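Across the two complexes that follow, chain A remains constant while its partner is chain B and subsequently chain C.
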Partner chain A sequence: MPDKLLLIKNEVKYMFKEKAIILLILAACIILSIGINSLNMTNDFNLFYIRRTSSTVSFNSAKFGATICSLLFALFTVINLDKDKRKRSKAIIESNLDYLNIIKVRITSIIFYAILTTIVGMIVVMAIQKLIYGISIDAFYYLFSYFVIFFPTLLFSILIISGLYLLTESLDMSVITFIMLFIKSLKSNNYLLAWVQTNLDIVSDFAGIGPVENTIIYNRLLWLLISLSIFFIGLLFRRRYESGIGSSFFINIKSKGLLALTILVLLGSGFTYAKEPYTMELMSDLDMPIDEKIQLEGIYPEVEFDSENGKMNAHILYSFINNGSNTVKFNINEGLKINSLKVNGEEISYKKIKNIVEVPIPNAEKVNIEFSYDGEVKYDKNGVGSGMPGYISKYSIYLLEASNWIFRPLVVEGDIIDISGYYMAPDYLTMVVPGKLVEVETIDGNKKWIFEYKSHTADIGAFAAKYKKVQIDVLNMAVEFYYTPKHEEYVDNMQIVEHIKDMMEYYTQNIGKYYSKEYPLKIAEVSIYKRGGHSSENVITFSENTINRDNDMYSVLGKNNGIEDFRKVDVYANDLNLIAHEMAHQWWGTGVNVIEDIPWSSEGLANYFSYKYTQKEFGDMISSGAFLQPWEYRVNELKNYYYIKNDDMKEKLNEKFIRSLEMEKRKAELYYLMPLKLLKGEEIQGEKAFLEGMQKIYKGHLLKDLTYDEFLKEMNLDEEALEID
Partner chain B sequence: MINLLRYEIKRIVWSKKYLYIVLLIVASTYDSLTRLIIGGYMGTAPFSDWSYTLFLNLISPLLMVSMIFIISSTFNDKEMRARSIIFSSPITQTKYYILKSFAVFVIFILTSLVPISMSFIYYKIMFGYGEFGSFIKFIFAFLFPTFIFLLGLSMLLGKINVKLIYTLIPVVFLIGFLNLGGDIVPMWADIFGNNFFDMYSLSMLIGREMEIVPFKLPNAFIYTRLELVLLGLIFLLYTCNKEEKE
Partner chain C sequence: MEIKLENISKEYKNVKALDNINLAINSPAMIGFVGPNGAGKSTLMKMLVGQLLPTSGNIIVDGVLLNKNEKHLKERLGYLPQDFGLYEELTVEEFLDYMACLKGINRSKRKSIDRAISLTSLEEKRKFKIKTLSGGQKQRIGIAQAILNNPELLIVDEPTVGLDPEERIKFRNLFSEGSKEKIVILSTHIIEDVESICNSIIVLNKGKILFAGEPSELVKGALDHVGTIEIVGNNREEILESGMKGEFKITSTVITPHGTRYRVVSESLPSSFEKITPSLEDAYVYCMLKGEVENAG
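Then we have the complex of A and B:
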């Protein structure tokens, strides 16, 4: 056996005899087991009672375990490296052996134990899942969670602390510096910096890891390079016998291989960080100036999705009415590369500044612009894992207009925008298209989903998965409900379809008829990688947590459908409220175009009606505790925010913070203040009269605009009367 | 005795290790003030009692871990070897540990003054705010009991086996850093007071109807802090008086 292998074998044996490593492995197993339920230990109310599956059990345990075990392994490593210094035996060893070999052997042995801990921990958690919870094992999720998340975290910890120790030659300084890096990782929104536990909250049962796997692997690659950089820098400064840091460096630097490796990994880290390919800073619509002199009349998308490779290929034709503009600006997604651009049939050159493309147009009344582009949709920089407005993966496609997957023209939108075209995707996926599905053609293992729509907005989404489709007929209205068969048991047991029917009936009775007989309402479950719900035109989506809860939740509907457990009822009421809110947008937002004038918007109306529905279903106590009280609290709180009350002090804050504060305020006014105002109006006029007034307004403004002034006037209300104290 | 104390403090303060710790605390304080405290805690002013308590909670884990490291040097091999010589001099074991503990206590005060004075300077320059008197009770309520408890515990553990102090480091850091909520960590085990702060601020600040909500420390919390001080002192007393094995 070669000398080095023999040394490693002996070191592994020696560490084992020391017993500390046994305790460490044991502690890791306990921590990983506790981690199985770590989601319920957070403040993330929306993720409570999520159904236990291989993906959640393995990921939660690995994530929780990685946080604590990285610290434990770092400490174990540094104590081992410091051992000879503490025992003053370093000089004796150095006179007999190359001390570098000892360091290498110790680190390799610790890495060996990190692998052993990973395997043992994984087996323990698997056994708990199988024997205690009776859930079958999906080895893929375990291998992913333990060998892409848990073990790399331990490896990075070992390398980072080793490098820091070699650099500082001090146990204390290296541990404290390590702790700083640890804190930075846990407090950062940037997925690249989250090396300890990655910034994923949960693995989607709906979409798998596909949409996020690239970002996780990239994070691991970056931190492998960074931790190697720290380790190699440490080796460069490793203290030589009776030499200080400077003279040791000059001796160590003579090793050309080490120097080359250090430079290589340092450059690699810098390059990997700077050239990160998966995210961009998405600009919100509020930041965009709109050109009033040109109007959008139609969009004709022809899009092919290569979901296996996460790519798309699009040809989009836009038609405009030009009233004197020279250019049209488009907000684009940086991951999509423009192959050709034609204006009125002629190829034209354009200006591109970051994610804005400026296209020169002729001075003609009718202007057609055709884009051909392809590539991978980039995610929002701060939303990886929980706020991704667009992604394409093998088993799920989720593209909201906010991702600019269809380039967004920054112009005025016509009253009715003609939308027609097709999406093509592998035939195992069911696509949810906007408007009306005209035809489905099968071509070479792909399906072509042809659709058409007369829309109020240019908001076009695309959603696909291996869906089960349920057709619900309510009062001659067509509702299509798309969800994954994986969650069918919950949908059935928790009477989700019945609730959707009830909501339709409730809104029809209390607001008016659904706005269209031609376009069915499409309700689609989507992944947890974009939390909450969304509504654009006749398609609404909600994230999977809404219908992917644990069997424990069934106790909410007791033997006589009575309420048994209030905490679970709260979760259930919130889930249904999310669906009810998005459905209410079909009346307010799609049916009636509510012209935003803060706090007035379709959000307030949708929240008011979803609250009314929840109140009917769950009674005053639940609906008031879950919605009314938090709204009042939030409105009161924001009124008393220091930076809101003292506007002049905002200049102390950076732009990002000011923007987030303004967004918070805007959200509170749209979502909480407005429904409170509407409830006040109801209190003044009485529920019956108020709802009758709303019905009249809906009827009168169907497929038209509705301003706040019109609403107040037609309801015989005034701003002052709706003032909230 | 005073001279010995002075020498002990000087020895720690003039070490490279201490300088490095102070530099890291300065960096961490700067980051906390400019990135987190500037926005104010839950919409309160950045210089409110609430924001200041958050600031104390942010710097506390690093500060305490640094102090445990300094305490651990009392039990390192070098110190242990020197101890046989020290104990052959007129100094008793009790006096020796009192001297060591007091030196660490003074170092703690000196080190705490770094982030505290940085925060005061920051408030004065950024917001022209200078009423720092109200912060003193929070400094005493949140930093001191935690430190005295950990000082006593570290001394006790160190006397048993220095490796136990190293085990204490990740435990202390995680308790201080991870906010586990009031349901999981009972108030008596909430060494840093961060779980109490989290629950208490939620109950007081959510839905508030005034800009300035007074931060009154509940008696129950004060008692738990006093308990921590008492426990720390008992540990210290035990450490000082327990006969050492030859």
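Then we have the complex of A and C:
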């Protein structure tokens, strides 16, 4: 019998002679090279002109390459496996050795070429990065992108299509089934199902791969098991002795080893999918029933971050005023394990159903609940890579209230909530704490960041990175701007600090004074793993793409904007608008508590004012093209959407789709319809009068609630007048 | 090498392709499988090379059940199926090189390829891509790959199809030479091929062995059952009618200056026929005729 290695060598040699593989490797190199700029070819405006670094170049090329090369390698594999059937050469080949050996040898040879393609492609992209773009090489990102993303995709494609071909013994059927799996991967929000390209859009320059590394590796592990399962199932149904699928199965099943392996990988796949450890279904605010009989008065967090291991350890004390409730429910993060729970100083047992913890409380007016918990924060199931509300990694901590990293009591919030405590993190990280930083202590390589504030909400965030902090003084207001030194050149060249000053001045002049003299406004750059911005109390964040763009963008500041520059101007206007939007929330959201009554919302007000700022900075043409027109388009699109126009037809849709449709509608009304209504009000009253009216409202409702009716009344507007056609 | 077939049957949806076949083959042997289309020749060959399983019965190779030891067989096998294709984008030499590796020929690979090329007269075409060659030349490549490893068991299904007479003779001799120390099994429609080289003949029809033995024995069995008659003028209706009725089979019709000479094979030859010494072809036809009669009986 021939030596297995010699057989593989022989197969590799003759595959090469067939030339198709050379074309495939060449095509892969071209695709990978094109992939370097793939971000600029997407519809994702946020990712245009992102600064090229080793991480972006290697990741983008590998991701783009994986998507197309997955199809090419799958086709190459199935054509090779179908070769003997097509050429009627199977009988001759099979007379020399078991045909299973030929299948194994062919698949191994294709995997060899997949490795070769990976290495050659990686070298080509490295050469382009170094020689054409003059960017130094970071081997880690290349190895990660090419051997954790690109190559495994090719490997899965080869195994999956082989399994499908062996199962169906039909080239057409196996290709069609493969394409269905391929499309499912591209369209799924669930990171576990994104086996082709992973759920990640881009590797963060700010936070590195750390926050998403485990999920990518887990996805690869899961799909290795799934693709092996498909392959082994294919082997179990491989046609034998010219028999049908059933008879062949009974012949193949006699191979105990194959059967055991198939069962093992199948169980492994199921277990890996079901026991996925990194994500959870995070409930949105809308889904939570609030107990009206108990009120939150204070939160006192003491949190230690072990960023090296992605873990945290917290002791949180909550104080409540109880008006007749027997329990308090908390919405928790499932990754955090409760070590102790005390009510009024006494250890107590509690009920836990998924991510809701129900704590029994005594019938006393004042109730204190103390939690001690630790662990790793789980991400939102559908947000891995671009919508992560919380993560802890070596170089970046990003924890929004939405991640429930501080367990959220499902109760009424008091008008003022007393919040004080500390965050402790390794001393190489700078923490951005909410409220006022009282003191920083250094303890054994860690820093303890002590803070306090009187908050209007129970929303508590924590953000940390190797920040550079810039103190900005505008009209006697203190603004702290935190960003990574990696993006300092862009911040300087694109005059980001000046724009922040401008925004503060614009809002102060057109709305009113910043709500607090005590709490500085903190603006922090965060990673792109949570796109867009966020505002809570005195902290606003924006994702790194806003200040991490290519040097080409510098041309925007020149006055000779050529045709190509329009897109760059749009990108720049959107970036500044994002900061302006979040900053506007400090007036509408934090300063004035806008009581949401769709479409009336702080989002609508923030969008209106950031639009006004952008209009001032960029003129009517840019601001209209970048904001007004898309808002109008989206509002009209949803208004005319069949299932929205015909509400009774919704019953025919599945619940998931209805939910996503309602979310889209809600978003369009809050973010787009409301600012359009405000612009209509401005049109009716004139800009000056309208803004004066808004100033009056701000002053009158500062640190108080503002309803839509109050707004309409005080602005002398009626709802009908604000109707949008 | 020793091959035993014990009670082999093969059924396809209630149709018996092979029916209780028993056979013992020992090397050296040069065996010819003959029979009409659908007789079960190719089915039997596929079973012998391990590509088809019998519905019942055992195939024993060198004392071991074939399905337990296919590897043993495949290491010793050279096989040319009836309907086959080649890797057309390769040259003759490359294809044989590829096949040599599958056969596990390592050390003497070059020599084996040269020998196979030489024996199949493909020297001039060795650097040609297979897709540029004629049907006959491709048939020769098929034979070349089968003899590449100098197999102990060579099974060739209709090997001389597409070859010109000269090539046919050459390959007949090649198989015959090879059978001096091994088993060569040849399936064919051409009785002449069997007659020239086989020391054993197996006649199959409708999945059954009608005859297994030396060709001379088959001929001996047909003695007194083959005759000729010359019909003068156009008075042929009577003999043609008898032929139609199955009383005998006309194996040749020759127009003579006086009329038509018929060569016939019959279970009971009418007295008007002149008995002649049967050829192997006559004996084969007689065997088939006898088989049909027995089946009808």
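One rule holds for everything that comes next: the second predicted complex is superposed on the first by the 712 of 725 C-alpha atoms of A that agree within 3 Å, B and C clash if a C-alpha of one lies under 4 Å from a C-alpha of the other, contacts with A are read in each partner's own complex, and residues count from 1 in each chain.
In this text, a residue touches a chain if its C-beta (ideal position, glycine included) is under 8 Å from a C-beta of that chain, and two chains touch if they have at least 3 such contacts.
Small disclaimer: the values here were computed from a predicted structure and weren't measured.
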Does the chain A-based superposition show chain B and chain C clashing or fitting?
-> fit
With the two structures laid over each other on chain A, which partner does A:Lys87 touch: chain B (first), chain C (second), both, or neither?
-> both
Report for A:Leu75: first if it touches chain B alone, second if chain C alone, otherwise both or neither.
-> first
Check whether A:Thr168 is in contact with chain B, with chain C, with both or with neither, and answer first, second, both or neither.
-> first
Applying the touch criterion given at the start, work out whether A:Thr177 contacts chain B, chain C, both or neither, answering first, second, both or neither.
-> first
Angle at the Cα centre of chain A spanned by the Cα centres of chain C and chain B: state it in steps of 10 degrees.
-> 40
For A:Tyr633, decide between first (touching chain B), second (touching chain C), both and neither.
-> first
Have a look and say if chain B or chain C is in touch with more residues of chain A.
-> B
Pick one for A:Lys652: touches chain B only (first), chain C only (second), both, or neither.
-> first
Looking at the overlay, does A:Ser243 come into contact with chain B only (first), chain C only (second), both, or neither?
-> second
Chain B versus chain C - smallest C-alpha distance in the overlay, whole Å | 7
Which residues of chain A are in contact with chain B in one complex and with chain C in the other?
-> 87-88
In the complex formed with chain A, which residues of chain C make contact?
-> 46, 49-53, 70-71, 74-75, 77-81, 83-90, 94, 98-99, 101-104, 106, 142, 145
Hey, which residues of chain B end up touching chain A in the complex?
-> 16-17, 20-21, 24, 27-28, 38-40, 42-46, 48, 61-62, 65-66, 69-70, 72, 76-77, 126-127, 163, 166-167, 169-170, 173-174, 177-178, 180-181, 184, 205-211
Under the touch definition given earlier, write down the residues of chain A that touch chain B in their complex.
-> 20, 41, 43, 67-68, 71-72, 75, 79, 86-88, 168, 170-173, 175-177, 179-180, 183, 186, 629, 632-634, 636-638, 640-646, 649, 652-653, 657, 661
Sort out for me which residues of chain A touch chain C in the complex.
-> 1-3, 6-7, 10, 14, 17-18, 83, 87-89, 91-98, 102, 240-243, 251
